Amino acid sequence: MVVVMKRGFTAQELDGVKQQMEAGGVKVMVSHGQDTTILGAEGNAAAVDMEKISLMPGVERIMRVTEPYKKANRKYHPDNSLVPVGNAVLGGKKLGIIAGPCSVESHEQILEVARSVQSSGACALRGGAYKPRSSPYSFQGLEKEGIHMLQEAREKTGLPIVTEIMSTDNVEMFEMCVDVIQVGARNMQNFDLLKQLGKTSKPILLKRGMSSTIEEWLMSAEYIMAGGNENVILCERGIRTFETFTRNTLDLSAIPAVKSLSHLPVLVDPSHSTGRAWMVESMAIAAIAAGADGLLIEVHNDPPNALCDGAQSITPDQFQALMEKLKAMAALVGREL
Amino acid sequence: MVVVMKRGFTAQELDGVKQQMEAGGVKVMVSHGQDTTILGAEGNAAAVDMEKISLMPGVERIMRVTEPYKKANRKYHPDNSLVPVGNAVLGGKKLGIIAGPCSVESHEQILEVARSVQSSGACALRGGAYKPRSSPYSFQGLEKEGIHMLQEAREKTGLPIVTEIMSTDNVEMFEMCVDVIQVGARNMQNFDLLKQLGKTSKPILLKRGMSSTIEEWLMSAEYIMAGGNENVILCERGIRTFETFTRNTLDLSAIPAVKSLSHLPVLVDPSHSTGRAWMVESMAIAAIAAGADGLLIEVHNDPPNALCDGAQSITPDQFQALMEKLKAMAALVGREL
Amino acid sequence: MVVVMKRGFTAQELDGVKQQMEAGGVKVMVSHGQDTTILGAEGNAAAVDMEKISLMPGVERIMRVTEPYKKANRKYHPDNSLVPVGNAVLGGKKLGIIAGPCSVESHEQILEVARSVQSSGACALRGGAYKPRSSPYSFQGLEKEGIHMLQEAREKTGLPIVTEIMSTDNVEMFEMCVDVIQVGARNMQNFDLLKQLGKTSKPILLKRGMSSTIEEWLMSAEYIMAGGNENVILCERGIRTFETFTRNTLDLSAIPAVKSLSHLPVLVDPSHSTGRAWMVESMAIAAIAAGADGLLIEVHNDPPNALCDGAQSITPDQFQALMEKLKAMAALVGREL
Amino acid sequence: MVVVMKRGFTAQELDGVKQQMEAGGVKVMVSHGQDTTILGAEGNAAAVDMEKISLMPGVERIMRVTEPYKKANRKYHPDNSLVPVGNAVLGGKKLGIIAGPCSVESHEQILEVARSVQSSGACALRGGAYKPRSSPYSFQGLEKEGIHMLQEAREKTGLPIVTEIMSTDNVEMFEMCVDVIQVGARNMQNFDLLKQLGKTSKPILLKRGMSSTIEEWLMSAEYIMAGGNENVILCERGIRTFETFTRNTLDLSAIPAVKSLSHLPVLVDPSHSTGRAWMVESMAIAAIAAGADGLLIEVHNDPPNALCDGAQSITPDQFQALMEKLKAMAALVGREL
């Protein structure tokens, strides 16, 4: 931690800051520059009250020099975390491709899609039962019935199921029924939900918030891990920028960034980020090129008649063709599929 | 609704689109431009499946020409909504100033602040009991105990209390205990929460999400109103941009924008938006100049020792001085305080 | 300046950094934290090569603790700068309102607008002769002829003229012909232009770039001032964000921010920022409330037939009414008009 | 073009709009919806004054349905443009890799880098002689002398040279001396410069502005092409967003977007976008995966001692290794290197 004093600070003010820092258990080094005097903390600064110091007279600003996340930090956990998803493992050499429709629509639909993505090599089935829709007048998902259809598809195919949770009301039911619990972008800072998920035993797929920095994203992972559940899978799904041609702006440079900062596996969702089915292939391949540990892809057996997000869903045939390209891409970056 | 056809569309494709639109119950007008052919819907287009049409062969794009929100729309409700907050009313000629600490910290603290903001003319007391903190290691609020302290302060001062809800688990308790239920920026699209709040009888103070468009904000209000609770108060609290000098970028032009689009009252929070106490006064006055119906201001009896957000809290004396200026400002724009 | 070392740095790496800092003429203080070791510079760090140090082995990051701008910095120039514009002065107690059409269109038009804004109390006339248009097929301004029309209007009214320069080719001509040379948002980092304007004797009105931070904006002012021309007037005109209801997002909190960081006068352009004439009044009043030293407002005698930006131009009558309100607003914040 | 009327418009207002549209030479179709009446233009709407109509009484809004760029538009030029760069061609099957230092620093440096990137397979040499630096106190480039060093390197290696122009003052000299004239992000909307470059005979490498939409970028290409120079090469270099871990946010989904909208070749600059040398490899490979026609990469023989942007420069050895990977990547997406 570094404290920068204002020009014209008094000796008394400097003393005050020094004492407050020392009260937090650190030794303080003072360094007098020409225009600037700074104080550095020596020792563990965790117990120093940074906000209080920032408000003390004579203080210009205070800067943290270490990351605020610990359990998610690669510094304290240099090896990649390996998160089990059914029989697959995310974060290792083998890529994990999770595929399925935006929404579960019927027994037949989810089973048909499950079988086709399985035969193409997907490691898990995704499908929304509870849907976050910006309009209250849009289709809101089949809810509990949708979960049952997913379970049925799992029973018949053996594919683990991944689906989004939207409320703390459903934590218990999700823990019982699904294999990976997805937290959507809109709930990335729903801290009550994160805390409760931290007490479950199921892996959590944590999407990046639409306007969340990488640090905030890792802090949300930290919430889950601090509760005891260290099986967190991150998923980049595009951020909000001024550009409107694509639904969101896929931030692929976040992949090497997060891989350097954290040991957690990172997936990319090329469907939601672009919002356009014809862009999914190029962004999926680029994501693997950028170092992603896997993908979350929307596949629908009949996109023009999908109840939700048909515009960004690819067909089973397109998915099959994409998987072939991804195999070659994986090899090129030293991965497997 | 307007559909634009791709260059080189076929007569059959045009027919398909026309039929799909007509299936939604509208009459269709076709207009052939030089480069572009467009179809316009005549009649109520609500039942037309826009997403499906957007995916039909030959379609370049489809544009909505009406707002997707109805109950929040000023077109269908030209007069300002008046929302009761204790004995005050938000949305009328009289401005409403809601003030109090970021967090409830103790019986003494909340009562002292309540008394001082009341004597300066605040119409309600704010104070956080459940706190959304980006770090799991930060103070998370006094929770239920904090609600009790707020109730006690209300009992002794008569001021209605405003506090943030973070989970559907607490809807019932909040409805029973508080006067205005606040939904924070991070939960603006927590749709399950919005749905449940739509069934309560208490006014909802809905903060704008950090990266939410004005339309998305009004759609979240629509979620609450569609559930039956039309007492929604909007609150602009700054949006996330590339500028980092301020905590967020206060979007004051959103005030006249929302006032033209919707009949709901709009407040401004100059504390969270700037993150700096010395900016609160100028932004508070500017907000009233811009047409806001009131303000949400953080006031703390001892900012340097606040448990949360001291850097953006003003003191009771500063609040008192600000209220004097706001009175003059209110008169200048034809309002009262 | 503060250098943070990587975990696991070697004594040799630390020495290397220390020596490189000392080579820049500073004394170095080393402070060993639990997870972190930091080096602070004592003395004038201007000659230390920060980028080189950031690349040295063992270095995690390097942080500047002082602003990179000197001449524009209020720390070294605590009093407000006063910039003369004709007989008026910007930056003092009296506000300066600069008004006129987006584009100069004809002798009659510019003279008519000049006379009306003068009678309402404007201190200078604005009008574009060279226009930055996003399409090459749009009206590009009357160019040299437009400058002559502005000169003529000045001759007949006495109002100083403010107009935008778009190329270094015109610096000499502008210095000769106009009173205040405006640099538009798109040219805020056209450094060659800034350098050449730094050698002229005319005040420069420097608009903030669409996606420029406050620091970059002040650095562009520094370019002009470093060349010898200290008469720089800043102008906030809205930044680009994800919100599209308004043309740009007016950043009014930038006003108190810049006034605290710099001694230069700051204007606000409520016309370009909102892009909507009906929003100009509320944003103009709010800007003065926020502490602006004046305004730049588009006034057109016939907005529906303007050759450019009619949608954001107010009429002379609306301008007259606005000036009355601004007088009251000025008084409220201790200013004059 | 589509005009949407306000609720409650009068027959006279509708007539006025219709006549104004017809005055632009189009036939008008009126379609009456339940809440909305719209007018569609039949025929070539180029001569219709959209801004004027947007201001007419009774008009709610006006929407363009065709792109504003013509020469850059793939609709009117379905085949890829092939732009010659020395003996290479950009936009065809073969990828073009342009490499070299951020700044030309000396005869030896530029020649050494030129020879090494040539032997690794680069098709052109980049190097800055005129540098846009945010601080007037930073190294500004060797200017004319730097151009001479580039020419010398070309003479000795045969590599065509690419360098950035910053002012209209230098158009003639650049046209004479360099092979590809680069327009930097900060000058993407320096329209005077674009116009003058439109009259030269050299290919223009047009970087995307930091906060420019894809449409604005293509409009800037249109400026150059409208002047007669159709050899425009686009270059994505990251956009400004709220995320600050990377210098900018590389927008790789812009690649398939632009390739679908325009026939012009598109490069990616993984160095400026990330600002970090260790991210260059993954983003370079991802860019080719995304469909880019080539790359612009910063290579320096001694990054820790570079006069500019050493943090984002890779070494000749790293470049050599990258080229090997790019060859494999190219094959995977059906391209060559």
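First chain written, first letter: the chains are A, B, C and D, and each begins at residue 1.
In the analysis below, a contact is a pair of C-beta atoms (placed from the backbone, for glycine too) under 8 Å apart; a residue touches a chain by one contact, two chains touch by 3 or more.
Please read these numbers as outputs of a predicted model, since none were measured by experiment.
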{"item": "Taking each chain's C-alpha mean as its centre, the one farthest from subunit A", "value": "C"}
{"item": "CA centroid of subunit C to CA centroid of subunit D, Å", "value": "26"}
{"item": "Separation of subunit B from subunit C, taking each centre as the mean of its C-alpha atoms, in whole Å", "value": "31"}
{"item": "Subunit B and subunit D, separation of their C-alpha mean positions in angstrom", "value": "39"}
{"item": "Contacts with 2+ other chains: residues of subunit A", "value": "211, 240-242, 244"}
{"item": "Graph class of chain-chain contacts, one of line, ring, star, complete, other", "value": "complete"}
{"item": "Subunit D residues within the subunit A interface of the complex", "value": "211, 213-215, 239, 241-246, 249-257, 260, 273-274, 278-279, 282-283, 285-291, 325, 328-329, 332-333"}
{"item": "For the subunit C and subunit D complex, residues of the former touching the latter", "value": "51-52, 54-56, 68, 130, 132-137, 166-169, 186-187, 189-193, 195, 210-211, 216, 219, 222-223, 226-227, 240, 303-306, 308-311"}
{"item": "Subunit A residues within the subunit C interface of the complex", "value": "1-2, 4, 7, 26, 29-36, 38, 40-45, 63, 65-66, 75, 240-242, 244"}
